[in-house]
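Each structure below is given as structure tokens.
Same chain, two partners: chain A is paired with chain B first, then with chain C.
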Partner chain A sequence: MNPIKLALTYLRIGVLNEMQYRINFFIQLLQSFISVATGLIGLSLVFGQVKKLAGWSRPELLAVMGVHLLMGGVIRSIIQPNMERLMDDVRNGTLDFVLTKPADAQILVSVHEFRFWQLVDVIVGIVVISIAFIQLNGTLGILQFFGFLSALIMGGIMLYSVWLMVTSISFWVIRVQEISNLFEGLYAAGRWPVGIYPSWLRTGLTFLVPVAFAVTIPAEALTNRLTGTSLLIALGMTLLFVVLSRGLWRLGLSNYSGASS
Partner chain B sequence: MTPTISVSNLSKHYKVPERDGGMKAAVISLFNRKYRTVKAVDDVSFNIEAGEVVGFLGPNGAGKTTTLKVLSGLLHPTSGMVNVLGYEPTKRSHDYLRQVALVMGNRNQLSWDLPAIDSFELQRAIYSLPVSEFKKTRDDFIDLLELKDLVNKPIRNLSLGERMKMEIVGALLHRPKVLFLDEPTIGLDVTMQRRIRAFIKEYNQRWGATVLLTSHYMADVEALCKRVIVIHHGHTLFDGELNQLVTQFSSFKTLGITLPDPEVDLSQYGEVLTRDGARVTLRVPKAKTSQVTANLLSDLQVDDLTVEDTPIDDVIDSVFTSTKAAK
Partner chain C sequence: MRRYIDFYLATMRISILEQIQYSVANYFYMIGMITEPVIYLVVWTTIARQQGGTTGGYTVGAFAAYYIIWTLVRNMNIVFTPFGWEWRIREGQLSMMLMRPIHPIHSDVAFFAGWKFVVILLWLPLAAILSWIFKPTFDIRWMEVIVFSLAIWGAYLIRTMLLSLLGMITFWTTRVSAIFELYFGLELILSGRLVPMTLMPVWIQDLSNYLPFKWTFFFPIEALVGNLTDVQLWSGFGMQLLWIATGIFLLNIIWNFAIKQYSAVGG
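On to the complex of A and B.
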């Protein structure tokens, strides 16, 4: 089995099906607008008082907001639905069906669900980032662009890995539904660059829930703050998270015995 | 020839936490947890040859599902050897999983919101089936189970029976050589049960597939399985032909008698099971059947008389109760 082909099949069928529910598109669009609007109000409140926030100017923070929106769309369209389904599968014993398939179980549980309309946030995020970029009068060099893109991808992979680790706990503790709410709350903190938070929270947002890597570092790439060192650290962290999450997932699987005997 | 499924001395024990009721016990168990070992399957052995359809019988909690789960690679045996098609199921090698299927009557694998036809497409991708072969199998199955008008509806809009038929199609699209069916007809009406039974039979005959089936409906077992394995409390009680089970465990026959005079007392001939107007059913020891029949016919005026084996459900029931008494 080719995992990419498999993921694309799931994607295609997910998209075709969600297309039927066009109302979801409008609901999602409305939600995106509300979050952009509240974000903008927040920004103007802050910049009514100060010229800079922890070294970030207004258009720079707009870029952070754009990345936060974009990544949030990725989480809600792919990561969260799959992980929530995994929790359900463990609780209901339907994970049996995944484990009796001739395919890597981790890949299967990670591509099952796809919420197409949530991608509206990704597009709105890109628009916000573009506007911020124009306001910054920035020029985007090739190197800078790839720095941004790779930081974004690594951030996404890290968020996925952390979520997988948390979900793997459901093999031992059957009820972990609340954890995804907690995760959402922590992710919301990523709307601001992690540098503005006190150090204990900053550490948590960097190493426990890697919001720093998922949002702040890509935004740094856009605003010319990114150093090769932090990109390398991001790469190391990504590898570490991937290995750890795979390990915990496998440990969890060996502990799984289905919902009934 | 090596058997398709070979199970020798299989045991599966679970360690389950145990505590008494009440708050105090709950708190104590947080710190000092006691475990109890449950022997779900205890020293079970059997071989199944290619193409056989075997009924796996036993009351709830007998260890049937546990055995099926071990065979499909979901559970590791505590001890014993299991081999299916030359593979060790626990290793869950993709080559092995490609050749088997597990169907559970009380659980769905098809996506609730997708029409079945899309879920089938996903199965095709998972098993990397060639398109033409996949389409042919799919359309054959859809015809056989008369599902043509339903495949484009989301699963959630289908009835329980229709959904089960879809589940079976989805599970067999890769044309597995070995089928593990756990209560495939549970909760379905008689017509639907019959349809699914016929399909399993057809599949078995057409592809020579080996089938291990559990069911609480004896009609399923009678229609499909020549051979049955009966397990209880994790032990094998019987392994052999279905009709042999009846001979071995049933020492009675049932006589149905219709008399013109409903008032006649028949208790001297045997144990009266039911009395419905002129129709009486009597239970008599098997060895005495011909004697009792002759006596009835000579002593009384009889309109109708039938001699039947004890219904298989009653036989199974007596198997389980007799072993309980023996313990």
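On to the complex of A and C.
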């Protein structure tokens, strides 16, 4: 079975499901506005004190906030719901139903759920990025745009891989919900460019939870800071994360015994 | 009265034993929560350094002290969430609790209070590590320690009342996530959770004086790391008691209306 076709089918089912609850769109919109408002208040407090924070100006940090919001929307609409379902499936033994299907299990568990309305955050993120871009008086060259887009896609893939690795721990440990809380906490660090953090934390945010690649590097592309080298490193890291997560997933799966039901 | 004390002691003991078993999971949870203050701390110490060492009267070391104590206060502030109330009501779990000859809120207060002892124990090494990394400066008097150790429990009770009140909304409607988010947004700004209140614009500080939020974050932290006088310390604790009493009063009134709405969905 063609994996892309499979993913699209699940996507359609997800959208149809969510379309039944249209009022959730407005609720989600309100929630996005609240998080933008608190973010803006945070920025205004910071820039009430200084003109630049570690070399980043106010509109530049607005761009970081936009990317953070956009990626957060991607995580909450596609990555997190699937991974949380996987945790439950492993614990309850209902993963059996996935494994007996004639398609790659990793693809199946990764596309099962889709929270359509969470994509509102993606749109709000794009709006915030656009406003930041206008404030910066920037011109978006074609090269710069593709740099941004590819950094964004690679960041998304890396975040997915890390989530999958963390979730795979549930094959060995029962209570992993707290680990996903930990991940959410660390993702919040991406609201600011990773350059401001002390080196030990920056290393963690780059290689353990690739917030640096997912948020800071796309934002760097928008603010003319991105170098070809960091894009290449991002590519290498993406490949590494994909291979590692696939490996850990398979190792975990061989450990799965289908806890009765 | 006697049976309440027995009930509290028994529930707290159960919760301590239960949570000690899950100490690794508890640790992951606590570490996840620590990233939030570390982010604020890094941002504000960066600003303080750029401005020559102080911002709004806080030195780099004072910011470190504020946000390290913040982590304990935040942990004390974890109570049964309004999302939990929604689940209880939607799934009909509340029916079982209503059968007992004691108000359901007591088991929440007692269970989480027991959990706090485990949390405080687990927090100590974390605080040591954070102090080693961020080098806080403390200037602590005995009276501050006494009021602080009372104020963290005051904060716990105020927040229990506030979030339970918020949870009561779910007796009428289950579409509450946006209301909760709005509440948490306001709390973030008005409590001292985001930054020490003294760094906020004056009108926000004025507004916060009339609201309960700052007594759950800013006051307990300031009690220990700030330079409050004895009178300020004890009158702050008095304000906490006042808000706890207000919370209990409101909760009793609203509960009476709310429980009439309950119709045991499912269960």
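Simple rule for what comes next: the second predicted complex is superposed on the first by the 260 of 261 C-alpha atoms of A that agree within 3 Å, B and C clash if a C-alpha of one lies under 4 Å from a C-alpha of the other, contacts with A are read in each partner's own complex, and residues count from 1 in each chain.
One rule holds in what follows: a residue touches a chain if its C-beta (ideal position, glycine included) is under 8 Å from a C-beta of that chain, and two chains touch if they have at least 3 such contacts.
Not measured: the values here are computed from a predicted model.
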Most chain A residues touched (candidates chain B, chain C): C
A:97 touches, of chain B and chain C: first, second, both or neither? first
Partner chain in contact with A:17 - chain B first, chain C second, else both or neither: first
First, second, both or neither for A:54, with chain B first and chain C second: second
Which of chain B and chain C A:192 touches, first, second, both or neither: second
Touched partner set for A:203, first chain B, second chain C, both or neither: neither
Touched partner set for A:178, first chain B, second chain C, both or neither: second
Partner chain(s) touched by A:42 [first = chain B, second = chain C, both, neither]: second
Complex interface listing, chain A residues touching chain B: 1-2, 5-6, 9-10, 13, 16-17, 92-94, 96-97, 99-103, 108, 257-258, 260-261
In the complex, chain A residues that touch chain C: 23, 27, 30-31, 34-35, 37-38, 41-42, 45-46, 48-50, 53-54, 175, 177-179, 181-186, 188-189, 191-192, 196-198, 201
Sites on chain B touched by chain A in the complex: 14, 38, 40, 61, 63, 65-66, 69, 72-75, 92, 94-98, 100-102, 104, 107-109, 113-114, 118, 121-122, 125-128
In the complex, chain C residues that touch chain A: 22, 25-26, 28-29, 31-36, 38-39, 42-43, 46-47, 50-51, 55-56, 133, 175, 177-178, 181-182, 185, 188-189, 194-195, 199-201
